[in-house]
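Two complexes come next, and they have one chain in common, chain A, joined by chain B in the first and chain C in the second.
Right after this comes the complex of A and B.
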């Protein structure tokens, strides 16, 4: 049992490798390791789901209960104690807005950096992302409150750009660098101006990368708590705030917290199921070579 | 060779993923409940509160509707009293014609948001919840608190029936700074207590309730059965989180954070004895993994009936009595933190409602405070199991009938004998707690905590020197 390779035919140069027992063993080892790898991710998820259907006493039981009578009370609590629909809407508006703006500004920026070798600019953009987000909060709050914009969608979207824009640019630099310069040059010779070359040649070729960075941007924005905490008001709060409303001074309502987390995770999960192929392709194409 | 290297790589990957993922999957550390506060200084004087005498209800121009049409923003921490108050907010709107935005956030997030806004100086918060012992010096130095004493003295804007002297002296003391300024109205008082499961006392055949440190240790020894997962004792072992509850033990041993001259006092033999006791109890009779134990971990174990005695703030008692979350609702008991050679002086703490000094609606905000902490609302809160600080609520026949007798006794004692100094009297409370937290961890791990105490002492003295005098 020497190989991990999932394709037995690749081992044809050594005949004992194809012995049924060996093949069987190899398959078992392969799947065992696969499950081991998969387990930690699944466990967190399963724990959240189970917790969402347990009451508080079941949730804190020692040892943890694997079998229990499920309750829907937590979901009722989540919807009754929070304007969840409003939160969902807020998160969507902010997430989509921040992602779209990041693409509009980030794609040309990444293209320019890749084509014209603007390494310093790229580093400067990265520094913006490396700075802890909390250090932006006070200046932002002063700025936006002077403009009377605290609590508006506009403010939140602008704030989230600090997350989405650098990520989009850095992911996309790699993609644009992968496109042979000759393609651009050919387009220019054929009469395109540089902007047309970008729009009509480079952009379509990097679609997998664009969708990957859009999805990642959206997820990061969707999960961001700190900016929404300070810059949103009662009406524009986003979903992660709902999760925190289950942690109080004397108690953590694990059931409500898990139920809210489940509700927040679902839309993203469904979205990813649909675009998974694009995303994986995008990630492997860009990041590995970038 | 290539294949075997794949195998090795895969194994390494699996192992590292399992390790990191397990780390990440561990119980998320819940927000740290900052302790119940108390004013940082020695028992703050209740201040000479300008008392609007209620008796004669003199004809004043006071009118609840005087600020009709204004709008208030009230920022609260998620805790029992703020949740209790929430459903009544429409009544305030009706009474005063003032519109309110009532925001509730968990403590850590609340502090992050309000300090960001206050630091920016452009916040539109009018009313907020605060803890003098945790952030009083810092906020007062920054000039963020409005003087409540002055507002209460103004009869034009104060309801003649408000009667600030109905608040207990210890309660007002928790909201008074060393410069004598009243910075808020206390919402409720909590004290260092023993939260107990009587069933385990009975099972182990030890007398209930324990009174002294020796009683407590004997009972803990008798109850503890680690093989069965039963622990006689639980307390916060997670460094800085433990300092507040340790304070009650510190006072029982007759020591304090600072000596009579205000110098760091952590090398006082009595202080070290207290620390030795605290560490030893956790080590011998507490659940494993003490360095990770905060109130959440203790409370979960207690509610599941696995712990005999839990040293923590009395505010948690309401959860022990609540059958929706507790398996020991029938057998839960409470007493003041135990007596030691230095007496029985639990720490006391409170949250208080304060008015932001930059508020543009201070008088409307004062109306809100008078309503939220007026006699009528406070009595309702008291009946909802909140340990308020109005004498009239405690003495009301409704409460005397309905209240838990053990709680009434313990609370009455704590109100008279409590010490509001649950934090070292410094500006950088967090840093001081971190330094002392290291001593706590070393103590329950059985290390040389005296060496750590020496380091913490030096640190504490530096922090004391750096603390501004309040004007």
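Right after this comes the complex of A and C.
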């Protein structure tokens, strides 16, 4: 990243650019610009967090309040008047299920693409990233209705797999390609079969990639709204759908809505701290290595 | 887990060693392929089939083949569909254009070492990973006509409030603002990755020739970044075309269809009116739009990388 830091902002011909006062001023202007650009991104989350700890009067006050006495009442309301624990559990079950299955099916597939050059499969999986999610919903709805499985965890996990599996495969292709071929080949010569070579040589070496894939998969499953909106029922509803339904009941209870928004978002924001580097790679299917 | 594999019968191990390469490959990828066939390929084929029928769940099993009728009705008669296509294009082209300009600008700001770089970068990443439903809720509050903090500021400057989410002529643009907030960092991060991979020699040469910073940005950085930008634009355009959560939660396509994009239109045809056949035809047209967009950018990318 640092290779371009010397990118010529200052020209050698203009030595006054290097004058301490000018350098100081430029630093101040730079940070002012940066903070200006950065403020909206920071503010929305700060506002969410503040809103979650304000009562209704504080939340609708004009002028808006920056300083107030925080209350935990919103969280109490959200947990007491809704089966919030159940929703959290649903999101976790579906997210963990879809992530684990994506690893179980995706790791060998990515390995096959990297080692056995199954480029056509890689392209087919690209289609999954391009297809609008809604295009699966009509057939899935019909398919799972016939099987009487609409609303089951199984259905939701299978649906979320269409997000987590391609993401895992595409992220992992790059990680497997980074392992020298010779390592696998040496293992094969030493008497391992291809599956042992995969399990004992390649997998342990890609652990950082595996954990990044798992975290990203979980985040995107956790965030998914549309699939659960159609395929979940009262008992298996995931958090985003549940929180969406609060809007109609509690039209203007901003405190409650912010508390709910905070509860969904916080785990995700903590998780990305661990996968910042792989984030871009995941979203662009490995075509950009961030 | 490798214990299981050691316990496999030795015959299987021997077979594994002598299988042709591509068979071994397919043994690794087979399970994933099966899932993708079942969950992806089958639904696509089934959607295409349904698009030629008048299927609705109320007449279960009794759907008829109607030929191109759904398509003809959508393209030539259904104004709600036509308008939704127009809105989708405005939302996508407008949003992505603004995000690209801002994203490249932000990347230029970030493309240097400064104190707190990591911290600022992390905050910039939050908007694109935070749960869209949660983001939608917060923006509803920020953009609320009476108590929203945005209108408070606007009123201080301008003296009047803006009906961000209830004025039919404004609301689509309000959604573009939110989309821009959410996704500008995405472009920024990809461009940053692209910048870090650029060679330094051309800059050194240009510096010796006395080129200004702006000249170097315009004549060196931008052309060299083009392949990276095409990747960013492709993924961003695809995702903008497919935007659902934010719009569905904030406006539900309203007021009076003012924000009904293609995705929302199809959703309401399919899951509110249960016109599954008709919705499927709209879906096929939606695929074509999304795939056409991806192909366009793949072509453009190829063209730009050949130029380099």
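Convention: the second predicted complex is superposed on the first by the 211 of 290 C-alpha atoms of A that agree within 3 Å, B and C clash if a C-alpha of one lies under 4 Å from a C-alpha of the other, contacts with A are read in each partner's own complex, and residues count from 1 in each chain.
One rule holds for everything that comes next: a residue touches a chain if its C-beta (ideal position, glycine included) is under 8 Å from a C-beta of that chain, and two chains touch if they have at least 3 such contacts.
The shown structure was predicted, so the numbers you read here are calculated from the model rather than taken from an experiment.
Applying the stated contact rule after C-alpha superposition, one finds that A:115 touches chain C and leaves chain B untouched.
In the superposed pair of complexes, A:57 makes contact with chain B only, with no contact to chain C.
Applying the stated contact rule after C-alpha superposition, one finds that A:245 touches chain B and leaves chain C untouched.
Of the two partner chains, chain B is the only one that A:36 touches; chain C does not reach it. For chain A, the partner touching the most residues, choosing from chain B and chain C, is C.
In the superposition on chain A, A:186 contacts neither chain B nor chain C.
Shared-chain residue A:269: touches chain C; no touch with chain B. Of the two partner chains, chain B and chain C are each touched by A:226. Contacts of A:136 after superposition on the shared chain: chain C is touched, whereas chain B is not.
Once chain A of one complex is fitted onto chain A of the other, the partner contacts of A:46 are absent, as it touches neither chain B nor chain C. Chain A residues in contact with chain B (one complex) as well as with chain C (other complex) are 2-5, 11, 33, 37, 40-41, 44, 47, 60-62, 134, 137-139, 141-142, 145, 225-226, 230, 241, 244, 247.
Chain B meets chain A in the complex at residues 3-4, 6-7, 10-11, 13-14, 17-18, 20-22, 24-25, 30-31, 33, 77-80, 83, 101, 103-107, 109, 112-113, 116-117, 119-124, 229, 295-296, 299-301, 303-304, 306, 315-316, 318-319, 324-327. Every residue of chain A that touches chain B in the complex is listed here, in rising order: 2-5, 11, 33, 36-37, 39-41, 43-44, 47, 55-57, 60-62, 134, 137-139, 141-142, 145-146, 225-226, 229-230, 233-234, 241, 244-245, 247-252.
Chain contact summary for the complex, chain A toward chain C: residues 1-9, 11-13, 30-31, 33-34, 37-38, 40-42, 44-45, 47-48, 51, 59-64, 104-106, 108-109, 111-113, 115-118, 121, 124-125, 127-143, 145, 158-159, 161-162, 165, 169, 188, 193-196, 198-200, 219, 222-223, 225-226, 230, 239-241, 243-244, 247, 254, 257-258, 260-262, 264-265, 268-269, 272-273, 276, 279-280, 283-284, 287-290.
Listed in rising order, the residues of chain C touching chain A in the complex are 1-2, 5-6, 8, 12-13, 16-17, 19, 21-22, 24-29, 31-33, 35-36, 39-40, 42-44, 46-47, 50, 57, 106, 109, 111-114, 120-135, 137-142, 146-147, 149, 152, 181, 185-186, 189-190, 192-196, 198, 200, 203, 206-207, 210, 212-213, 216, 228, 231-232, 235, 238, 241-242, 244-245, 248-249, 263, 266-267, 270-271, 276, 279-280, 283, 286-287, 290-291, 294.
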